[in-house]
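Look at the two complexes coming up: chain A is in both, with chain B in one and chain C in the other.
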Partner chain A sequence: MSVALVAPAVAIAAFVVVGGIGMSLVQSLGLLPLVGVPSLSLDAYLANGDELLTGLGLSLGIATASTVLSCVIGLTAAVVITQGRITGRLVAALSALTIPVPHLIGAAAVGLLISDAGVLPRMLGIDGTDWPDLVGGPWWVAVVLEYTWKESAFVALVVAGVLASRVARYDETAALLGASRARRLRHVVIPLATPAVIVSAIIIFVYTFGSYEVAWLLGRPYPEPLPVLAFRLFDAISLTSRPEAAAVAVITTAVSLVVVALGMALLRRTPLWR
Partner chain B sequence: MSASLALDSLTKVFDGAAAPALDGVSLTVDAGECLAILGPSGSGKSSVLRAIAGLDAPTAGRILVDGADVAGVAPERRGMAMVFQRPLLFPHLSVLDNVAFAATVAGQPKREARADARQFLELVQLEGFGERPVTALSGGQEQRVAIARALAARPRVLLLDEPFSALDPELRTDMHALLRQIRQQLNPTIVMVTHDRDEAAVVADRVALLSAGRLLQHDTVERLYTRPVALAVARLMGGRIELPGEVRDGVHRSALGDIAAPDGESWPEGPGMLVVRHEAVHVSTLEAAVPVGMVGVEVVVADRRARGPRAEITLASGEAMLEAEVPASRPLVVGQRATAHIPRSACTVVPLDER
Partner chain C sequence: MAMMIPYGERVTPDDRTVAARPLMRPRPAGRTLRIVVASLLAAWFALPLVPLLLWSVANRWSAPAALPTEWGLDGLASAVTAGAVPAFGRSLLLGLVVAAVATPLGAMAARALARGAVPAPRLVSGILLAPLALPAFVAVMGLTIVLLRARVPGLIGVVILLVAAALPYTVYTMRVAYAAHDLAYEEEARTLGASRVHVLWRVHLPLVAPGLARAAFLAFLVGWSDYVVTVLVGGGTIVTLPLLVASFAGGVGNDAIVAVLSLSAIVPPLVLLLGLGRFGRRYPTARYLTGPTASRSPKGAP
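Coming up: the complex of A and B.
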């Protein structure tokens, strides 16, 4: 009976997830060419070997940096929010305002703010040639900054919810046992917030690893992160590029799944999970 | 480990609330004493405890610990430990590390903190449970650990906020025994909030009865039952006999008859409600002689309600109604005539209105 109740939801999810991934997999293995005879091969994976490896490294770097920064800043913001003072309310309002802004708008705004011809260097009176290459530079600063801005707000709201509902009474108990604010943070608040932070981190990592538009808008033309590479190949004139695009998508998906598995394993090891 | 505590006109008004949660509550708790704060839901019991602990700042009034005002002192510096209705054991720490928490955050080396914690686990009869995760404990065990954790912090005052109300009656009795044993061994000052009259009677030396944020009476358990200062006190303590009348020349005259004040006591002249505990009323045969110090009233059994081993009896004497309790085995039936013997020493007169 319960199976029947969830069946519609499962069917739709499976259609998109399994169907989409399945199609990509089949296409990447040469079994669904746009022209010619289907034949099983890894050619699509090997065709852009170097670009694929560079892209993988780059995407991992961007996702890791964005995730770590978002979690640190978001957790800090959550602690400030739950202190309940005026600053807390301000941070909560800012976080809530950040959530509905689409990444594309955010990326455009970050570009307008911190590019060498942007608002910030002009306001500070710094010449464009002396301004660091934040947009399109070698360190992908603008991309990581945009992700961090938006995802730290996500972490802040998720963790603040957990702190306010589940952790507040523990915090009071710890205070009554003589723990100072710093000790409470270290011994109670952070350990109890860890599962929520891990879950948020998994979501952020997978999102930033597979997201296209921010890296495309604020990154440099070469090297390309995996999603940008995949989209360029997908959109290319050459019809043989389609399986190559699918191969990049399959690798992106596989890495994401591994990260989710690792994250869930980590989550299960936290004492709170039981 | 035990300090004296005094509340001086403690008042708390929550933002947007029409009536104060606490309205000028003043009382003292001696060092090593156990005070129960008793009252119905919403009477302000927990607000008193949270104010003492420093979790909520009072709107007005002072809290003195060993004579020193603790206004503005952060909860972590007040030296109060609190046990809540929920044990709130830290789920990421073992049982032993929970008990060692206060010592750990005070900067003691882990070994010493744990050795100290073991003593307190032993005190609550949970030796050998230290290495377990807190999820492996039963409800009663969890609350024992919470008490051990609070005691290990060497609080100047131990605050208990309905700590046993979620436990079943048998476990609750065990916890009362544990509390008695802790008082004998460590003699901490305890303030305990409860809505359970029997629990207050078993555990506490004195009881502060709160209603609607006001302190109605702060007294020994026995006096709260036998010498209520107001009709509201008599009712909150479960009193069921109320006889309106008037005191003239030290004698209360009501539909029941004349009852003189107990020896050595005097009642204020004028209108007054005579209250007496139904447990004090004896039901005897019609012919039985009235013992010295008792008032005898001829009654008819008007109602009988079974209460397990006891039976509650309503007795009518003209327009006056009395209540009594008898063993269930006593063959008193509705309509039967009998004599009610009321001890004069159990009677008291309170003002007619509720306040």
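Coming up: the complex of A and C.
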């Protein structure tokens, strides 16, 4: 009975996860060519060696910057939200507003805001030529800002939920025992929020590392982050490009899995983990 | 607690209590800091939505001006001409289908896991959460060839992949819901002679309804927001709202259309979110369990 209840969900998830990774691996090793004889080779991994390495570094940089900024801003927002009162409610409402915005729409909005013809330079009265290259510039500022905007709201939602349910009593007790605000923040609120922040950080890192549309819309054409590189190869017309796209997919997955494993190890070392 | 104060009677605190600063109330300096930080955060979350609102009602906005130079709804008209209405319908349908499939599947799995009767529960939970750790494009690039060879229609392929992406959310949300769910109510109803179907409809589902609504909302968002799966598996034949936004945002000079399309992609989930807030607060437990309908004995039961 229970097995029958779980089976359909597990079947779909396993088909997509195991099938997706497995078939990417098989294709990247040249075992499933569009035409011709299957032969085991690492050609797909070596064909774009330099682009793969630059893309890997770039994707890691974007994901790291977005994750760190989201966690800092999101944790601050969560603390403000749990303070309650009118300011907390305002921040809670505006961050909740951000949650259901699709990432692609967020990217379009950020583009309209901070490109050199955007709304922000117009409102600040700065000429487009004096405005820094935030969209399509060398530092991928717009891409990181879009991820940080969306994901800091996510962190705020998750962490504020934890703080409201578990931390409030400890915080009051510490206050009753004479702890100052700063000490309560440092020794009570932040340690209790850490597990939730780590879980959110894992999810954000994996998402931003493997996400395509924001980097494609707000980034520059070269160098390409891994997902953008994979997309270009996947759509290219040459016969070898599909296995090459699959190779990029396999590397992206491998890095994501390593990050999840590292994050889980970090989570187990927090004193509060069950 | 020791002092008995009759209910409803006001107690006037003495002067010392009123003058003292309450323990958790911040100092004036802390208050200023809190207001500054809160304003910065409010600006941070709200600012990206400002250009959407302004551009969506701007016919013309020449570069140096701080506000649109000519107001109007040309953007809306161009968006409709560009096929915004059918794209909106397709997105809505995709979101609803994903929610309709992923919510019951997630709820069933969560219930079985919560009852502890599933073999290898850690492995099963791991598999159900795994789509969260897998970039969408990897799943698509691996599986396209399988879906093509099995002659699965594009739309079905898109739905399968998006349901898998939504399952972690529905399973997690429903596990939280079932953790707070008391099976005793269902057993009670069975003892009183209600049939299995009747217990499901009258007791079980009403009790977990807020959780189901949250799960369905998250699953809807997965289908509604998707770009990568729709564009790769659908091969550009299924034009949803995100695809339309992408095609206009990639070009130059479409700012008003992009703003209108973006707003129309934000409004439906926001309305759902607001409805969810109201629905989640109104707890149906008391009404359904003590109301006249539940106590009436079901048709056919002794």
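The rule is short, and it goes like this: the second predicted complex is superposed on the first by the 269 of 274 C-alpha atoms of A that agree within 3 Å, B and C clash if a C-alpha of one lies under 4 Å from a C-alpha of the other, contacts with A are read in each partner's own complex, and residues count from 1 in each chain.
Throughout what follows, a residue touches a chain if its C-beta (ideal position, glycine included) is under 8 Å from a C-beta of that chain, and two chains touch if they have at least 3 such contacts.
Every value quoted in this text rests on a predicted model; they were computed, and no experiment measured them.
Touch criterion met: A:P271 reaches chain B, while chain C stays clear of it.
In the superposition on chain A, contact of A:T82 is made with neither chain B nor chain C. For chain A, the partner touching the most residues, choosing from chain B and chain C, is C. Touch criterion not met for A:S241: it reaches neither chain B nor chain C.
When the two complexes are overlaid on their common chain A, residue A:A174 makes contact with chain B while staying clear of chain C. Contacts of A:S66 after superposition: neither chain B nor chain C is touched.
Contacts of A:T253 after superposition on the shared chain: chain C is touched, whereas chain B is not. Shared-chain residue A:N48: touches no atom of chain B or chain C. Looking at the shared chain after the overlay, A:S200 reaches neither chain B nor chain C. Contacts of chain A with chain B, set against its contacts with chain C after fitting on chain A, overlap at residues 172, 175-176, 181. The touching residues of chain C, when paired with chain A in their complex, are 23-24, 26, 30, 34-35, 37-39, 41-42, 44-52, 54-55, 61, 63-66, 105-106, 108-109, 111-113, 115, 117-119, 124, 127-128, 130-143, 145-146, 160-161, 163-165, 167, 171, 221, 224-225, 227-228, 232, 242, 245-246, 249-250, 255, 258-259, 262, 265-266, 269-270, 272-273. Against chain A, in their complex, chain B makes its touches with residues 53, 55, 74-82, 84, 86, 88, 90-93, 101-102, 104-106, 133, 135, 149-150, 153, 159. Within the complex, the chain A residues that touch chain C are 1-3, 5-6, 8-10, 12-17, 19-25, 27, 32, 73, 76-77, 80, 83, 87-88, 90-91, 94-113, 117-120, 122-123, 125, 127-128, 146, 149, 152-153, 171-172, 175-176, 181, 203, 206, 209-213, 217, 227, 230-231, 234, 245-246, 249-250, 252-253, 256-257, 260.
Residues 169-170, 172-181, 183-184, 187-188, 191-192, 270-272, 274 of chain A are the ones touching chain B in the complex.
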